[in-house]
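Alright, structures below, take your time with them.
What follows is chain A paired twice: with chain B in the first complex and chain C in the second.
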Partner chain A sequence: MDDLNAIYGRMAEAIVVGDPEAAAGLARRALEDRLDLQDVIEKGYIPGIRRVGLLWESGDYFLPELISSAACMKAAMAVLKPALEASAAVGLSRGRIVIGTIEGDIHDIGKNLVASMLAANAFDVVDLGADVKPDRFIDAAVEARADVIGLSALLTTTMLGQRRVIERLRERGLRDRFKVLVGGAPANRAWAADIGADGYGENALAAVARAGELVAEKRSS
Partner chain B sequence: MIPALRPRIELLSREFVDKIVGEAFTILDREGVFVENGEARGLFREAGMPVDASSLRVRIAPRLVEDCLAATPASFSVWDRSGARELSIGGDEVHFDPGSAAPRVLDSATGRERKGLTSDVVRLVRLTDACEHIHLQSTALISSDVPPIVGDSYRLYLGLLYSAKPSVTGTFRVEGFKPMLDMLAAVRGGSEELRRKPLAIFDACPSPPLKWSNLTAQSLIDAARAGVPSELISMSLTGATAPVTLAGALVQHTVENLSGLVICQLARRGSPVVFGGSPASFDMRKGTTPMGAMETMMLDLAYAQIGKALKLPTHAYMGLSDAKLHDAQSGFETGIGAVLAALAGINVVSGPGMMDFESTMSSEKLLIDNDICGMAYRLLAGVAQREEPIAEHLFAGIRPDTQFLTMPHTRTWYRAEHIPAVLADRDTYDAWEGAGRKSIGDRAAERVRTLLEALPPNLPDPALRAELRSIMETDARRNGLDRLPELD
Partner chain C sequence: MSEQILLTDFAFRWDENHILIRVGSRNGRASASPVLLRMIEEIEPEVRSLLSPRAVYTILPHRETNGHRIFDKAVQVALGISTIGPALEDEVERQFRDGDMLRGLLLDAFGTAAIVQIFKTVERRIVAEALGRGLWPGRRFSPGYRGWPLEEQRFVFSRVDATAAGVRLNESCMMIPRKSNSFRINLFADRTLTTRRLPGTARPPIS
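And now, the complex of A and B:
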């Protein structure tokens, strides 16, 4: 067997260069070799996606690299997930988030990016897609026992739907059960405050950071 | 007299245009497009095209595209509210209209963006009406003081009330077309009169890649049947919703616009259609859609050239900026865009007044941009020979103290040859300082105030006003709004 650190390094590298076959292949080998999956994720893949984040921040990486790396992360996790669930490994998920683009809005580039970055950062993501009705967000969040509901809107005409979801949460007596994170081109911090959302992400990485904070807030309350 | 040469710009060789169009035809034939509208799919089925109802995919054979292209007029006209003034949309005519459908305004008093209100829409419409170099209105701003559902008809209502200029507009809902058409027909005094003299152009945007939503396809069909021109606004984002290369994005643009054109022609043969768009060079860092990027403008110039090669009227979103205030970026992006659009002979150029990625309108910027458009028109007019000989006779008997200020030649030609600056600063430093060190934004804000005070609202007669109001009120009531906001 290769030196473990070398294997972890290759996992990280697969994420950094955006090679989904390598990322998934290394995950399969990790299963065959019965490696500690928690270590595989925390010492292999997560350092890779962190390095991607640093490369983004330094201005070396742009959206194509960022999204490709997130897709690699997803490919590796898909391989590991059944085994993780079977072993009932806990403490890996950083929180569960139900996400979607608001009713009447078919634009989902921004939402997809946020969803894949969340997944790449070890959140459990339930992606409802685009054109999602307010109650569907809430029903899905209840069913998934989500920590956070993420609402995306690209159009100013549809961003009003973000307020509607929060109103429906109140009407259904569920406002305290979930943190609400909003984003999308027309949204901003003032809008998030205005509609009573718990957080606002101006871009995918900010959304991931804010989601982490919201989960921590929720779990400590 | 030697006439002025019309300056022009082209980015593509004929061979390149043909190759792009060729690939577009192949994609239409092999992959097709996605049409979410059942009525539109029915039209394709009747035309013998393979339609897959479950995937919504419609394949369009080259012969149908060719046939529909041949049926589309190379130019058409729109008329103003009175029906007397005609604007030709086609050839190398260039008409500017304000950028379209912004949700926000830049507040003159605070310098910050906020949601648009009825009073903002009225102000923009009145200023546009007064702008010499902006030939068309657009329903440039959405009012947040009416429910979003009637936002489409309401902005057209205000445009028709406060301006005589024809307008570029569009629907936000399938049901929006009817009241909007009723208002246009009311202005003309009937739907047949409207068909003969269109008053508005309706924008319809496919969803990239290669999809016509239920709403936009319905708008194409409804407009075609009513004799209302449609403007096809393909809006691919390079590397995100379209190929990353400019040429690749142009292929997709051509596929989307041609499929829209076919829908229009199947709905009613001979319908006027504009080959337009609002693509953008997607920002790979910010995830934004910069309209002021050079690559965005290159896409605009190139697809317009393709539209011209297909013998269609053209449109682009140019002469606008992504800046958030009246700064150097706002000026250079708008100026470069307006000049390039004019040089390309793009028929409808939507942009003046617009900033922040097509999301915000500014009254001040509208007036600044009016001057930019004036400069673009001056450029198009070119250098002409005015007299024979050109100047030999002016130098006959020249002496060291000869000057030209008092020559009759100067008096005869200076107004035709040189346009005076309205808002641009051409003061000496001392004069500028003495006048309070004002920026162009400051001067534009003053001009906004003086124009609005000086100009009476350009209202139609009371009977038409009442009829428009009645149509709007009916639409508003049907959508749960009992009272329209007060108008001054």
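And now, the complex of A and C:
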């Protein structure tokens, strides 16, 4: 048990220090040693990315460190994913999110960061890219059986499209089927409330936290 | 279309701290990891090869503006469009697609620093030109800021040869490539009308 805890600790540490080779190497070793992959993720890698989040909140880590750690999670998950799929492991996903930048807006770096942090935190992410029409968000969410639709906008002119997606959800009778999370430079909590969104993420980690809450709300309702 | 001045020769200087701050390292070099600093050093030569800077500007008499109130009191108006070109953005997208987000983010930060240097170079040139003609240049503003609606991009693009700059507008009035800038500088006959701090002068009081 001590050995296992030490391995989990090294996995977490690889994520915290942003070492993708170590993260992927430990994942390969986990496969070779036939470790329980659910434990590997939940006791090894996830605590690492959570610690990164705490370091960000305390001001010890900045965006580059967050990104490096997210990349390490991705490297480890890339190693584990084929085995996870083959074993039909269930219960690892924290929720499914369809995300994109709203129609007319071509800025997607912020959205990409949120998508990456969501993926690093064990969400299934369907990234639609930028300049996404309202109905495409909805169609993709229906197809993916998403829990949450994430809407990004960079400008005050394009953020109106976030409202339009929610209106289209109502028009199509699907508003109750998905939680809607909004973000982007001009958005704020008041805007989210005004347009009837379910949540607002002021940065990538806040979006991850809020997404988790929204998934829990949706699944408990 | 009035005379169009095309500029393609720009010298870039990078401030490591500015790049770090742009990628979210709030304390700049003081809080940056050695890995990050090394990446910045490695990326810099690549950035230069990905930049194809272009800028076009023109100076119009007031009567050739669209009469928007933001041009009031100007005797002439300089309008400009500048860009770093599409290559760096394409590379940023590729890096994000391939999973190297940090490299993508750093490249994007260099791109932002580059476009700022480009339009400031053009601005300095317009300011010098205006002062040489005995006019007082106001501050630089872009559509979407300070009471000048984003839709005014269409006016700027109707007066400046955007094709020569290699920039186009989409339906939402956003510029493509994204690392582009458009602006106006009002030129006044009366010095008291400008709020720009000019060399050798104190900032005039804002009435």
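One rule holds for everything that comes next: the second predicted complex is superposed on the first by the 219 of 221 C-alpha atoms of A that agree within 3 Å, B and C clash if a C-alpha of one lies under 4 Å from a C-alpha of the other, contacts with A are read in each partner's own complex, and residues count from 1 in each chain.
As a convention for this text, contacts are C-beta pairs under 8 Å (C-beta built on N, C-alpha and C of every residue); 3 or more make two chains touch, one makes a residue touch a chain.
Here the structure is a predicted model, which is why all the values come from computation and not from measurement.
**Student:** On chain A, do chain B and chain C fit together or clash when superposed?
**Tutor:** Pair status: clash.
**Student:** Using the superposition on chain A described above, determine whether A:L63 touches chain B (first), chain C (second), both, or neither.
**Tutor:** The answer is both, since A:L63 touches chain B and chain C.
**Student:** Would you sort A:N5 into first (chain B), second (chain C), both or neither based on which partner it touches?
**Tutor:** A:N5 contacts neither chain B nor chain C.
**Student:** In the overlay, answer first, second, both or neither for which of chain B and chain C A:K74 touches.
**Tutor:** Touch status of A:K74: second partner only.
**Student:** Check whether A:L160 is in contact with chain B, with chain C, with both or with neither, and answer first, second, both or neither.
**Tutor:** first
**Student:** Between chain B (first) and chain C (second), which, if any, makes contact with A:S116: first, second, both or neither?
**Tutor:** second
**Student:** Residues of chain A touched by chain B versus by chain C: which partner has the larger set?
**Tutor:** Of chain B and chain C, more residues of chain A lie in contact with C.
**Student:** Contacts for A:G18 in the overlay, against chain B (first) and chain C (second): which applies, first, second, both or neither?
**Tutor:** In the superposition, A:G18 contacts chain C only.
**Student:** Output the chain A positions appearing in both contact lists, the one against chain B and the one against chain C.
**Tutor:** On chain A, the residues that contact chain B in one structure and chain C in the other are 59, 62-64, 106-107, 109, 113, 157.
**Student:** Which chain A residues qualify as touching chain B in the complex?
**Tutor:** It comes out as residues 59, 62-64, 106-107, 109-110, 113, 156-157, 160, 185-186, 203-204.
**Student:** Quick one: in the complex, what on chain B touches chain A?
**Tutor:** 103-104, 142, 148, 151, 172, 207, 213, 237, 239-241, 282, 284-288, 357, 359
**Student:** State the interface residues of chain C toward chain A in the complex, per the touch definition above.
**Tutor:** 23-26, 31-33, 35-36, 92, 96, 99-102, 104-106, 108, 144, 150, 170-174, 176, 178
**Student:** Any idea which chain A residues touch chain C in the complex?
**Tutor:** 18, 59, 62-65, 67-68, 70-71, 74, 104-107, 109, 112-113, 116, 131, 155, 157-158
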